Amino acid sequence: MPGNNVVERVRSLVVAFLDTDLVRLRIERDGGHVELRRARSRSATPELAEPQAPDAPPENVDAIKSDLVGIFRFSRPLPQTGDMVDSDRELAYVEALGIRNPVRSIGSGRLVSVCCDDGQPVEYGQTLFEIQRV
Amino acid sequence: MPGNNVVERVRSLVVAFLDTDLVRLRIERDGGHVELRRARSRSATPELAEPQAPDAPPENVDAIKSDLVGIFRFSRPLPQTGDMVDSDRELAYVEALGIRNPVRSIGSGRLVSVCCDDGQPVEYGQTLFEIQRV
Amino acid sequence: MFKKVLIANRGEIALRINRACRELGVKTVAIFSEPDRESLHVRHANEAFCVGPGPVARSYLSIPNIISTALITNCDAVHPGYGFLAENARFAQICADHGLTFIGPTPEVIGTMGDKATAKRVMREAKVETTPGTDILESVDKARRAAKDLGYPVLLKATAGGGGKGMRVVTGPDELERAFAGAQNEAESSFKDGRLYMEKLIVSPRHIEVQVLGDNFGNVVILGDRDCSVQKPSHQKLIEEAPAAHLSEKIRNSLYAMALRAAQAVHYTNAGTLEFLVSGDHAYFMEMNTRIQVEHPVTEMVYNIDLVKEQIRIAAGEALGYTQSDLRPRGHAIECRINAEDARNNFAPAAGTLTNVVFPGGPGIRVDTHIYSGGTVPPFYDSMLAKIVAFGETREAAIARMERALRETVIEGVNTTIQQCLEVLATDAFTSGHYAIDFLPGLLRQADAA
Amino acid sequence: MFKKVLIANRGEIALRINRACRELGVKTVAIFSEPDRESLHVRHANEAFCVGPGPVARSYLSIPNIISTALITNCDAVHPGYGFLAENARFAQICADHGLTFIGPTPEVIGTMGDKATAKRVMREAKVETTPGTDILESVDKARRAAKDLGYPVLLKATAGGGGKGMRVVTGPDELERAFAGAQNEAESSFKDGRLYMEKLIVSPRHIEVQVLGDNFGNVVILGDRDCSVQKPSHQKLIEEAPAAHLSEKIRNSLYAMALRAAQAVHYTNAGTLEFLVSGDHAYFMEMNTRIQVEHPVTEMVYNIDLVKEQIRIAAGEALGYTQSDLRPRGHAIECRINAEDARNNFAPAAGTLTNVVFPGGPGIRVDTHIYSGGTVPPFYDSMLAKIVAFGETREAAIARMERALRETVIEGVNTTIQQCLEVLATDAFTSGHYAIDFLPGLLRQADAA
């Protein structure tokens, strides 16, 4: 994919994105990805802003996904919802073919969900943790 | 179908019909039919009215359809587009199993289209003529 | 061979006939009702004519429009399929009167077999066992003596009867007087004819049928048997198989011999089926269907014969290309009827739009269907959507294959009998092959009670 | 028998394997790539694991993720299907190392047959005829003498070659010197190895292959032949049939005898196919595929055998349940590959959403497919959408049935090879059965010229 082409594609993607109501768009393809996030809308009047509904997804949350198939195991200390994590904290590992493959927080933030149980089989791309970036 | 039920059904049909952009709705079922036509819209401002497009179907046109399968033949005098026809004019007949089944204009009007050729096989429900009621 | 055949039917059987014609190089004309305009049988035929609106009386049973269609399209033959006009002797005669070959037996044979009393008499003359019974019984006394001779339980039936009216099951002498009076009154009020006769009641029989094929040169072959005992409470078949399991050689040979005698006695031509009730060591002739059956594919799979092509060839004047000794069945085949019905609600038929349809495939699976994703099921017709047929070298292999095929099948938009068929397949009665016509009604009662 | 099998594939063959397992009562684990999440092979398996993103190198070829899936789901065997890892000896060995039965031959046999030079040597030792040829030719003079011995036309090939690089057709002595220099230069620059050898060029051969099945007890059976000569210019098969038409008894017997010797020589186990080029009275071994073939259904239909079930049974340690004399082919079967390709544009593959899919059915038609209305064709994989297989008592009947089945087939949303298959079926060459591997390229050139 030549460089110019990428710029062109992203440009048209941005145009299309701004035309929607989306606040975040992530496209994954062939191992790479593009993510667009909308800045807080300048036109939104504070009077109209409502408190966030309890079941609305929190913003700035990254899913930490498994990049292989194996058995999920927590690392120590046991990560728990609400924990603040460092940029390279090992939260867990996925054991595959006898090898422990660490799962790291990839950047710091607050752990908002733990999505798997200890000993659970996980597949490629399965969400293991969700971290709110701060 | 009890009488009351019919009234109820037509009433709800009318309500639904008025909620649409349709100008004419015809429902055929089990040999009977219901037809609804909207009066000229009172809210339409004359300024916005455009001349009718040349390919728009003319209004108040009834299709004379075949109610059997057979060979279509014109009656004499040969009906032609533009003819004014009487209420029971025999325009053609459909020959089936050696019997000539007359096709009548069922009401008077102007013949706006002749849809079949002489000697053509026609099926049930096939439009044979279109007559504009005046 | 014919040049062009009119297919006087709709749904899967119209497609089935279209396939046979196309493979024989014969052109086809489809007929259809207005709601069937988008049907596959219309799309696949060489020509298609609308013959009327949705209700069958004005379309698929409209003899004038059907004959007229055949004539204006220059057809030389008409295939009636099953249902509709298939066993209408008058229609067969009208076809002949207009120079059209009716693909089926002669009008006379259709008429003879269509009248149940005449059929039974003809069968008895051909030494085919029929349900033991009496002539008209003038009094309760005569009925009492007849019942003693036949042995309880017996069935009192109105000679003018039909639809179960004027019919009573009598399990012992105590019930006879009351049942006789009741049946007589009901028959009198229903048919203005209170005359009754009696038949032996066959308890928990199996429904076994025999496929025959006869040509115009006196050759008749027997294409084995089918067990159609998995029937809904309405006596409609749900699952059929060929050959019947656990049928003793004695009964099987006797069924085949009776079927052969019957076919020869009436000089039967084309495809036909003799239906028997089998109980213990006895087989009783029930009726003969003078047409192709819904369940014919199970026979086709075990005999490797295309029955509809054979029908067409025979009607076109060809002789059978084989004799009985050339025919060797192989393996086992099962058919499940997938109907648009709610099995949990007395098989109430359903209509609607099919939002998602995926059929099974792979080895040994045959699907005969007219439905597709996005198509509709009009409310006017038979509720059958598809026939799924599984072949296996053994009965066990065929059942396993059918089960996986049903699990692969997706039909969304209407209720279907898929789940009911799976439940039948999972019972000990079905897997062991020991079941009779009271099996499915009993299973349904159990489910209701649970 | 196995308890649970991992199916290391996608598409129709994954479904095919799933069917065989389910019918044998074996549980299944599917693997899939992210774009295949909604695939039927995922839906029908007992369990399913995503093993990677769309590109095959990171999903269907990801040995660690596949083996890990098999281990965490407690599978006891792996079926590789065709393509992907099916002929990867290392994968077969890794399966064994992890206590998983690889459903196929041993890693050693896969390795031997995977190396074309070794395979040819082994075949010659087993008295299987291979294309006549030479060892390394050090000079043009030696090449000239070799060509004279072999007889023109000949083929110069690079010993390190592949993909047509360093290959030249030489039709007469005049062209030899120039061709030799050209091939040498190309081989040198492509592989840094300019060494050449020579083979006799087989002109307009037929591609005939022989199906073998061997168990772990030394029993080997031959399941007849298939003609796969209808090939695209890229040598990919488009239409296959069993048995091959107009194959003399002499050639057929010789092919079967060679296949048997070859299988016995390498102690072949499981299903395999020997591919031959047949020209006149000669058959030359080309290669052996140590896996199930795409076109295996045509053999299944004429032998009434489920080859994938046989693969599983053999791998599970069962002995073949029959000997060669029990096997009797019957009738004729043809397979058409329906690919998402534009036949008018050099069979360029297509991807997209399938807006409307309707498959054919009825007697003698088998459909193996993973597609459905509303499904998608991802751009990452093989373009095959479906295999339509038609059985007939005769070759003529099978062709007629295939033609009507193709006409019934609807696939909207991508270009397909349906029309191309119909065009092939309508040619005199195909209907007469007299065609070779240059048939379809010639037909395409004619169409381009017209």
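Residue numbering begins at 1 within each chain, and the chains themselves are lettered A, B, C and D in the order written.
Here is the rule we go by: contacts are C-beta pairs under 8 Å (C-beta built on N, C-alpha and C of every residue); 3 or more make two chains touch, one makes a residue touch a chain.
If you're wondering where the values come from, they're calculated on a predicted model, not measured in any experiment.
A separation of 44 Å divides the Cα centre of chain C from that of chain D. Averaged C-alpha coordinates put the centre of chain A at 62 Å from the centre of chain B.
Per-chain Cα centroids separate chain B from chain D by 61 Å.
Residues of chain B found to touch two or more other chains are absent.
With touch defined as above, chain D holds no residue shared between interfaces to two or more other chains. Judged by the touch criterion defined above, the protein chains link up one after another in an open path, with no loop closing it. Contacting chain pairs (ordered by label): A-D, B-C, C-D.
Across the complex, chain D meets chain C through its residues 15-16, 19, 22-25, 40, 44, 297, 300, 304, 306, 308, 330-331, 356-359, 361-369, 372-374, 393, 397, 400-401, 403-404, 407-408, 410. Put simply, chain C touches chain B in their complex at residues 34, 49-55, 58-59, 64-69, 71-73, 98. On chain B, the positions that touch chain C within their shared complex are 28, 30-31, 68-71, 96-97, 121, 123-126.
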